[in-house]
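Look at the two complexes coming up: chain A is in both, with chain B in one and chain C in the other.
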Partner chain A sequence: MSERTTRAHRRRRKRQQRLRLKEEGVWYPRGFWPAFAAPATIWMALLFVTPFYAVFAVAMGTVDPIFRNPVPVWQPWYWDTSQIVEVFGKIFGTGGQPAIFAPAFIRTFENVFAASALCLILGYPVAYFVARHSGKRKNLFRLLLIAPFWISYMMRMLAWVNILQPDGYLNMILAWLPLDFLPIANGHYGWLEGHQATVVFGIVYGYIPYMILPLFAGLDRIPQSLLEASRDLGASAPRTFFRVTLPLSKPGILAGLVIVTLPMFGDYYTNNLLSRRPTTSMIGNLIDNNVGVPSRVSEAAVLVLFLAVILIVPMSYYLRTTSRQEASD
Partner chain B sequence: MSAAIAPPVGEAPAIAPTRRRRSRYFRNPWRKPLILKSITLAYLCWSILPVVVAILISFTSGRSRAIFQPPLSLRWWIHDDLSVWKNSEYRNAIFHTVRLGLSVVAITVPIGTMFALAMSRWRSRGTGAVNFFVLLAFVVPELILGLALLITFSQLFTFIGLGTRAQILGVATFQISYPVIIIRSRLISIGKQFEEAAMDLGASPVQSLRRVLLPMLYPAIFVSAVLVFADTIDEFVIVRYLSLGAGTEPLSVKVYTAARGSPVPSVNVMATIMLMTTLLVVGGGGLAYKRLAKQEKGEASAVQEFALQI
Partner chain C sequence: MAGTLLAACGKPESTTDEAAKLPLARPDAPVTLPIYDDNPAIASDLPIEEGATLKLYNWDQYVYKKVMDDFAAQYNCKYEISTFNNMDEALAKIRSTNMDIDVFFPTPDVLAKLVLFRLLQPLNLDYIPNLPKCVWPEFTAPDKPFYDQGQHYTVPYMLYTTGIGWRNDMVDEKDDPWHLDNPYDIYWNPKYRGKIGIYDDYREAMSMALLHNGVTDINTGDATALSDAEDSLVELIDKVNIAITMNGAYEDLPKGIFAIHQGWSGDILASPYYGKGPAAQVAPLISYWWPKDGHGVIGNDVFAIPKSAKNPVLAHTFLNYMLGFDAAMKNFSWMGYQPPQIEAPPEAFSDPNFKWSWVVWPNLVNCIVKPTDFDRGYFYLELEPKVDQIWHDDWEVFISGV
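Right, the complex of A and B next:
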């Protein structure tokens, strides 16, 4: 009811505004602005919406019986879910199939959970310090926080490939330190030989800048006066942090977590660079391994659909908050 | 005897002040946040130093990819037979990278600017839906978009096929959101009064757009061009899926394929070239931008502002 009245109200106001603008001589010919929107609209229809439809068409299409290459089916009424059922069986072990995809799915959730938690734990103090205590050098610190954005992900991973080589700098340092009782400090430890911990480390290193910036933005917006008020009213410093700062930085935390987890779920390159073993592969690796083989592209398409289903919640959260921000601008 | 008694006497005051000092440090509400500061500095070192090491290794004179062997040399840049310059495939990759970057900028910036204008001056359900897709293209993992585009170009748009053209179209789809987001926020902060005033004084819609609004948008357009170019250089997931053979692989893809397998530090050289190109474009762009937006105060940090928006 109330929504309807506001809508009518809004429409009336819009009409009045149009009339006012016309009086002032501000009018645009019909189709003036639509012509500006047209290129992007056509572009996104052809190169974003159509590709996603094509994924459905391949995932629910058929496979050529002789050449084994995927044959997309464009008509939804001929769609066939047998490939989806097959991949579902490979994930959950239903339909009498061994659950060969299950380990990679479980590992993906483990890695993403561990890496995003580490990003938050490591990133929060940094963002907090730069937002509250960096004083005169705030701009310098901010520049340094942004610096990793201009260094490509490839370069950052390559740096660790260099450092973690068996005869690399990390092993040199570990051998030099008096840590002989640790098995990893033997001076030629194979960090890049399929360790899940190395992969998680690489993911944290790759995505932590994306975590810190929204955290910083959220913390920077908290007015100093609120914290002073809390202290004035007798709250201790830790209490002020837990009752004022932390709740107010929640939107920043959520934004950071979403921004970080979305690419982590689609990550396969960190794994390929820092481990290259099937024992550490994630969903992204299952998809990427299938892309190279024409006969398995349809399986990759089905896996992409599964991945998209997993990511619907964080993606819609992100889109909702950004559109709300835009509306408030 | 006196020597045996003396130590306790001397010890007691030695311990007490340190204890008191420590507790006084934590009781002091104006204390310096030493712990936070050291975490932050450690983080910054951790985030930057490995890259410095990788750059240093690109100037090594030995064969090892693990350690830097002095003196500084350009062996893997130009001198060695396996260096980047002597390898025609790697050399072409540099040009291919630049070609992709420039083409994507040439496509996304005009289309994005036009759409941002339409979006902020003419709101309709249609533009809202397109804007939704633009934002979605930005957050969808590149792996998903890459596979979707690969299927599209190999099954549906076969007249385009895989290769350079497909790469440009694909990356542009992903990058179009940069100009849209930046120019829209600029349009919102400009407001409508300038074009209204211009039209009130007799300018036609096209004139008010070209003479009044567009010049005010130049800084934002410039920033988005710089960002799109820098980001396209680093892009490799979509580009790799849409490539057709080694001839259409840019530097980023070459680095990815050679990162583990390559026996020599030429990989580091390629990565360093990528980094230098990005820094050159962003740094030069930042300086030029400062000049461009000198009149408008508070606008100098738009690059930073943008990075905070992502």
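Right, the complex of A and C next:
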């Protein structure tokens, strides 16, 4: 059979198939389903690509010599990379520059690691309880899980200022408890006096709902039959948890970690409200400090690019792991 | 559209040549801001724009809403207030977006560039009779003020000094600024670690460090002096874990979160209202230091009308209204920042018969600025771009938390 005959045969078969599907009422023209995603895709592309390009244009632009405001350069052939080299020097101490940004970068990694670990440790049992043991009150607990989203992040942090201030509720409770051996339990502890731990606790409080929800979704999806099979085959409850539940909830854990760590890296508001000290500043604060000064906005833009590079790492790990998981399924 | 695209394809323009034309106003080198032929003042005797909305571009919380309501009711207009966080941000927006604003509240150190680039319109003082009638002659004489001789573009708004605020009940008397050889040492006292704050403002913080180090030129371009100031600020991190805030003086000092905070006189005067409990009980707990000899940081800000104002007659009327005694004092009673009113001389605030003396707590009467303070005080002046860069570089080292 010649090649031409084969192609004609294929076309005829496809036409017959389309006609049959049309008669059965399930045929859709090509591009029908992607068309539904098009508006959102265009929206996202515009709202991501354009601002991101603007960040590049500002990062590699100039500064007005009189008004000291940033002048973005939109044409890549005019881009000046000296600001990137300078910020790199301020992070890594290269080019004869002191590494003045290094402490904030290191602190950010410490805070994000500690806070995301705490979110996981505290959030997992909550999600586990709601998914497996909340019984008839499951919907109520689901509602309670999303309740924190009703109040803005800023308002929740402002509430913490009241709780943590010298005569706040936390000190009142600590003074009442029989914990005299602890220095923090004297009833006058200065929680808002620039402690890294306070910032970490604030971040955990702010982001833990974002950890619990994907964990709950992951745990809730695990079929009860698998757990029963494990117990039937003689595994103890802890063994069932560690050999069945925990591995199967790995996608939820990863999703939760990615969802909380990405905004944590850029967080600046928690430090601004709960510490306000240079000793607790994070990358987000470096950006915030520079954004407020027009002549330094290009430095802020470069820091945003560095932050984006950092965020690619956990994002790529998540995508790689989930795509492997899907492939193995 | 095509023009915009073509412009975007060209290399960005620079205003370096214009920079050379910038006159830097100094008290000993006053500046008469030029009135350009292509940017004249409005004519006299024009009617107020009807049904207009007066648009203000101001610092946050820097005008009393009730005063604005009174003005709107009296002149049958509406008003809108947009706010900025710092002068750099305000300038950037005004220049790049040609904002629709009728009244702007700049600081004197940025006037020259605003005028040079025709971003302000000259004032027609015929509309502002309250200027000579109500305002201190230190701002209205033909050769005053030094940053805008003859009041071509501005009229004064509020006065302030930058000093030190502290809590009497948290700071020992022997440690307070009145008892120290160098009052600024109070910020470096490790005894109050965690309870000391300064303003999140590079000029204020660096100037405080300069004054602490004995440098009285708070507009210096001396890189060594500025580097020493940076070292002193960095030392604050280790010694007292210093906080940097914008609201610490008026919000957190009265609550006892801070024992010591750098303070603008107006912030300290208003602070008792932010404490826990009645203001009359909080006020005696707060003290304010500003050098008795007048050698401290002092300043004022101003009203100006942008060239692009849609309602220039209403804007002039507003300026006149705000300079009137009643509106000015009502505004002062809410903000804590003092207007330079002839009928409210500094000594009046110690007189219980004066209608507005209640605004100033007896123990905080030194928050009131005297006209003579401007003769000896240190005024923030415009910095050359290169010098400003050094200031920012040194400040950045400090706030990055090295």
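By our rule, the second predicted complex is superposed on the first by the 259 of 329 C-alpha atoms of A that agree within 3 Å, B and C clash if a C-alpha of one lies under 4 Å from a C-alpha of the other, contacts with A are read in each partner's own complex, and residues count from 1 in each chain.
Throughout what follows, a contact is a pair of C-beta atoms (placed from the backbone, for glycine too) under 8 Å apart; a residue touches a chain by one contact, two chains touch by 3 or more.
The structure presented is a predicted model; accordingly, all values stated were derived computationally and were not measured.
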Quiz item: Just chain B (first), just chain C (second), both, or neither: which does A:Phe48 touch?
Solution: first
Quiz item: Is A:Ile91 in contact with chain B, with chain C, with both, or with neither (first, second, both, neither)?
Solution: neither
Exercise. Classify the contacts of A:Arg276 with the two partner chains as first (chain B alone), second (chain C alone), both, or neither.
Key: both
Quiz item: Which touches a greater number of chain A residues, chain B or chain C?
Solution: B
Practice problem: Figure out whether A:Tyr78 sits in contact with chain B (first) or chain C (second), or with both, or with neither. | Solution: second
Quiz item: Should A:Leu311 be classified as contacting the first partner (chain B), the second (chain C), both, or neither?
Solution: first
Exercise. Have a look at where A:Leu215 lands relative to chain B and chain C in the superposition and call it first, second, both or neither.
Key: neither
Quiz item: If you stack the two complexes on chain A, which partner ends up touching A:Asp167: first (chain B), second (chain C), both, or neither?
Solution: both
Quiz item: Touch check for A:Pro148: first (chain B), second (chain C), both, or neither?
Solution: first
Exercise. Would you tell me the residues on chain A in contact with chain B in one complex that are also in contact with chain C in the other?
Key: 70, 165-167, 192, 276
Quiz prompt | Complex interface listing, chain C residues touching chain A | solution = 8-9, 11-12, 14-16, 18-19, 22, 85-86, 88-89, 91-92, 95-96, 113, 116-117, 193-195, 197, 200, 202, 237, 241-245, 248, 255-257, 276, 385, 388-389, 392, 396-402
Practice problem: Spell out the part of chain A that touches chain B in their complex, as residue ranges. | Solution: 21, 24-29, 32-34, 36-37, 39-41, 43-44, 47-52, 54-55, 57-58, 70, 72, 122, 125-126, 128-130, 132-133, 139, 141-163, 165-169, 172, 192, 205, 208-210, 213-214, 216-217, 231, 237, 259, 262-263, 265-269, 272-273, 276, 284, 287-288, 291, 297, 300-301, 304, 307-308, 311, 315, 318-319, 322-323, 326, 329
Exercise. Show which residues of chain A lie in contact with chain C when the two form their complex.
Key: 61-62, 64-71, 73-75, 78, 98, 100-101, 103-104, 107, 165-167, 190, 192-194, 275-281, 286, 289-290, 292-296
Self-check item: Residue ranges of chain B touching chain A (in the complex, touch as defined)
Solution: 29, 33, 36-37, 39-40, 43-44, 46-48, 50-51, 53-54, 57, 64-67, 110-112, 114-115, 117-119, 121-122, 126-127, 130, 132-137, 139-145, 147-152, 155-156, 169-170, 172-173, 176, 180, 184-185, 188, 195-196, 199-200, 202, 205, 230, 233-234, 236-237, 241, 252, 255-256, 259-260, 267-268, 271-272, 274-275, 278-279, 282, 301, 304, 307-308, 310
